[in-house]
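By written order: A, B, C and D. Residues from 1 in each chain.
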Amino acid sequence: MKVVDVKNWFCRYAEVIQEKKSFLTELDSAIGDGDHGTNMARGWKEVQTQLKAFKGGLSECFLLVSRTLISHVGGASGPLYGTAFLRMSMVLKEKEHISVEDWKELLNAGCEGIGQRGGTSGGEKTMYDVWLAVTNEAQQETGDDERSLFSRLSEAARKKVEESKELKALKGRASYLGDRSIGHIDPGSESTALLFETLDQTMSQ
Amino acid sequence: MKVVDVKNWFCRYAEVIQEKKSFLTELDSAIGDGDHGTNMARGWKEVQTQLKAFKGGLSECFLLVSRTLISHVGGASGPLYGTAFLRMSMVLKEKEHISVEDWKELLNAGCEGIGQRGGTSGGEKTMYDVWLAVTNEAQQETGDDERSLFSRLSEAARKKVEESKELKALKGRASYLGDRSIGHIDPGSESTALLFETLDQTMSQ
Amino acid sequence: MKKVMNQPENIVDEMLEGMVQATPNRLRYLKGKGVLVRTDAPVDGKVGLVSGGGSGHEPAHGGFVGRGMLDAAVAGEVFTSPTPDRILEAIKAVDSGKGVLCIVKNYTGDVLNFDMAAELAAAEGIQVEQVVVNDDVAVEDSTHTTGRRGIAGTVFVHKIAGAKADQGASLEEVKRVAEKGIRRIRSMGVALTPCTLPEAGKPSFTLEEDEIEIGIGIHGEPGVERTKLLSASALTRTLADRIYDDLPYRAGDRVAVMVNGMGSTPLMELNVIHKEFITYLNEKQNQVVDSWVGEYMTSLDMAGFSLTLFQLDEELESLLAHPVDTMAVRFGK
Amino acid sequence: MKKVMNQPENIVDEMLEGMVQATPNRLRYLKGKGVLVRTDAPVDGKVGLVSGGGSGHEPAHGGFVGRGMLDAAVAGEVFTSPTPDRILEAIKAVDSGKGVLCIVKNYTGDVLNFDMAAELAAAEGIQVEQVVVNDDVAVEDSTHTTGRRGIAGTVFVHKIAGAKADQGASLEEVKRVAEKGIRRIRSMGVALTPCTLPEAGKPSFTLEEDEIEIGIGIHGEPGVERTKLLSASALTRTLADRIYDDLPYRAGDRVAVMVNGMGSTPLMELNVIHKEFITYLNEKQNQVVDSWVGEYMTSLDMAGFSLTLFQLDEELESLLAHPVDTMAVRFGK
């Protein structure tokens, strides 16, 4: 995967977020404060604008996304996604191409960043659960077929979203609900799954 | 008509107002501020209480009603009704009995009090219109049958309420509506009609 | 309708108790009379200032009792003018011998009850004067109606008359500035939703989900026009035009403004409106020297707001800036 | 939902413009950064105080900027914590070299963004400390959740820390009193209606005509229990019991209280609730020495209120009484 593919991925994701804005906000209204769609849309719209003029390498591209999210999203998701992309940008220093093998380290770094920032080690019904599922899936040794990797990541993400629907939230705003959070999809988990589904779709075109 | 009859009339009217409280308030909501029922009910409930212990003559009885309304109703209707009963109380000084002839002067005084206090000479869609209609009816020479007098007063009042429904209000809160007041019954006119209908009913029992 | 209350018929009394308990050093409550008085009233050598009206307009009027504004406020039942005996209590409580000015909003009920109280006070030898505020430009002129209503601009009248009285002016002088203020103050309001009286338990009128009522009164009296919801900018302009086109404003005037919330409109929106009003007045080349943004004269739980424009002169500007110490307005020393 | 606004995405910026225009002598607006700063910041020899959070809680936080309270307030989008770069701007604008204290409400978003800002500020050589307010007793303890939320009690923390800083105390001392305050402040709220975010355009949740949500958060986060509407007396008791039974209150304590409106609850009702709360505390033999009744920390257009109880000691009581001069709270000199 080259920088042009990454740009495509991010640009397409910005569109997806725009399309799913109300849906994400509805999920957040049910167990949060009803702004996750607006937050993400604001941040990714800015990413889209910034990327238009962007000419740099892979690491810079992730760094640009990180900075833009940190300074335009706000809320819990801004620093969390921002940290993930920051850590991934570090891993990509000097690289011009992301190999199937590279994804292991890349996702590890992003996932760890979210875990540290959010103080969670999983099972607490947050976006971290989905990042972890995707990261674990990437560690499986199943050849070096990029297309199949992305489709596995995408499936693992979606599966985890469904699974964690039945969890009780213990972190973030949804935790105030206690048992009443059970049965609802966590908005940050949904936006994370969309990120990897978009990766899969963009790369299979 | 003796003081005991007057007491009966007022006590029964207090009950009628209680029953019609919501209706009067609804009329006032449409073209005023929605409190005429509550205002009247508060005042007449107090009249009822005061009358229980009351032992005096005709004039004192009207004076008691006047004072109680003035200090318990508030709004526009408190001073207006209060003034009417005050003026009527003056007419009744030294009297022990209200003859058919007396009603002419009695109503004249009450009606004039309202007109002066409210600065109206009629046709402006207020309770004054109904007081005036009743007063005019009382001036007709049609014998000295009390029963028929009361039924004529009651009918004249009701007829005026219906007629003035089609007027445009030029006084009081309903005047702010301009043409939009047309077609609505004026709440103070309705409560005045109820006063004379109750007189008729009480005296025919 | 959901209201946090006990028995609806006790709500006014309980509210007044709660107000006094929040500020026992400033206010005294004449229980059973609905009157809130400055603890130090009557103030020696000072003209007494009394205002009041129906309840449901909080912080008006009790919130404006204190040094530099009112000496006493008389509360009637919800949306119902107080009775003359209550007003008389207030007048008696604040008269130091220098006379009392009553500031009345132009409603038949208020005028009648205050008139009767003034007669009673005069009979007791108290010098009482009265001014009637009628700032609402939404109402047609008095040939067709009872005359314009008194709405939020009344609070500016309290402020300037209160300042003048605080400076030791005579009853005549205090009345003069109050009347000068009244000639220079205009207001107009809009409702986004109706209000609900505690005892009635249902809304006073209905508005569709996208409808507003322009020119609403502070008791939910219907306005002049029902339209679709407008943007903050268009709505501000609609009200401001109507206010501005009424005498006496001219380019170059120094003015004070009030953006008054009707009860349920968040400060967030009031501030957006304030920004639009300032933009409008800058276009008209007026200098806004004082802004009051918040809730001053409400209509229970109504959503909406009113704009008030006050044309100043040197005297009025300095009276507006005079120190004041009440529950709802406090500044200077 | 009816809101007076222009483009929903500009509402925060327009509101901040409106606030500054209402009080240009007190506030400066760092445009594009959502930051309101005291015009005289940084104040020489004084610890800087910064607070902030999502918008929609007006007058919090900009209404509390001024002498004796905050030096700057950072506004995020509606209900969304501000971003670290905005917070950093605020920190830089108020640092006089004596260090800066950030007062943060305990929400994941606020804590994360303020943390990142503090790191950035430290990198620029500014001494920054942080306290986290978590007064909401409706939330279970932190073993099961992110911990208790910060709600209206935060305003008392602004007040005492602001007073201490105004007296010239060191960063360490200002932080100490803020933390002492936090240990002694508890709150709980109730919603009668949901609120509507300007961009979402529909209510954040639904409540039946006779239902209320007890233990609501200030962003419409669901509470602990849904019940039928209660009387003012019963409802006050329900919240007060829950607050009182949490540490640290005892008979004999001198306390301050806040009855905070959520946005659409009229002052009339807040005062009735205040009366009930005072009655409750008198029964518990507490002396209420200060009452704040009004809107301090709102939730857009939500109807409802929160109660806050603050256990005082000599130091805290005098800090609470220290002069303050902000848009929303002003007294003393």
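Here is the rule we go by: a contact is a pair of C-beta atoms (placed from the backbone, for glycine too) under 8 Å apart; a residue touches a chain by one contact, two chains touch by 3 or more.
The UniProt protein names, listed by chain, are C, D = Dihydroxyacetone kinase DhaK subunit.
Since the structure is predicted, the reported quantities are computational estimates derived from the model, not experimental observations.
A.B. asks: By CA centroid distance, what chain is farthest from chain D?
C.D. replies: Comparing chain centres, B lies farthest from chain D.
A.B. asks: Whole-Å distance, chain A centre to chain B centre, using C-alpha means?
C.D. replies: 75
A.B. asks: Per the centroid of Cα atoms for each chain, what is the distance between chain A and chain C, given in Å?
C.D. replies: Centres of chain A and chain C (C-alpha means) sit 54 Å apart.
A.B. asks: Find the geometric centre of each of chain B and chain C from their Cα atoms only, then give the gap between the two centres in Å, rounded to an integer.
C.D. replies: Here chain B and chain C have centroids separated by 32 Å.
A.B. asks: What are the residues of chain C that contact at least two other chains?
C.D. replies: Counting only residues that touch two or more other chains, chain C contributes none.
A.B. asks: Which chain pairs here would you call touching?
C.D. replies: Between chains, contact exists in these pairs: A-D, B-C, C-D.
A.B. asks: Quick one: in the complex, what on chain B touches chain C?
C.D. replies: Touching chain C from chain B are residues 25, 29, 31-35, 38-39, 42, 70-80, 117-118, 170-173, 175-178, 180.
A.B. asks: So in the complex, which bits of chain C are touching chain B?
C.D. replies: Chain C reaches chain B through residues 9, 54, 76-86, 107-109, 112-113, 115-116, 138-140, 144-146, 149, 197, 199-200, 204-205, 217, 219-222.
A.B. asks: Touching residues of chain C toward chain D in the complex: what are they?
C.D. replies: 1-6, 11, 14-19, 21-23, 55-56, 58-59, 63, 192-193, 209-210, 212, 229, 231-233, 235, 263-275, 278, 288, 291, 293, 295, 298, 300-301, 303, 305, 330-331, 333
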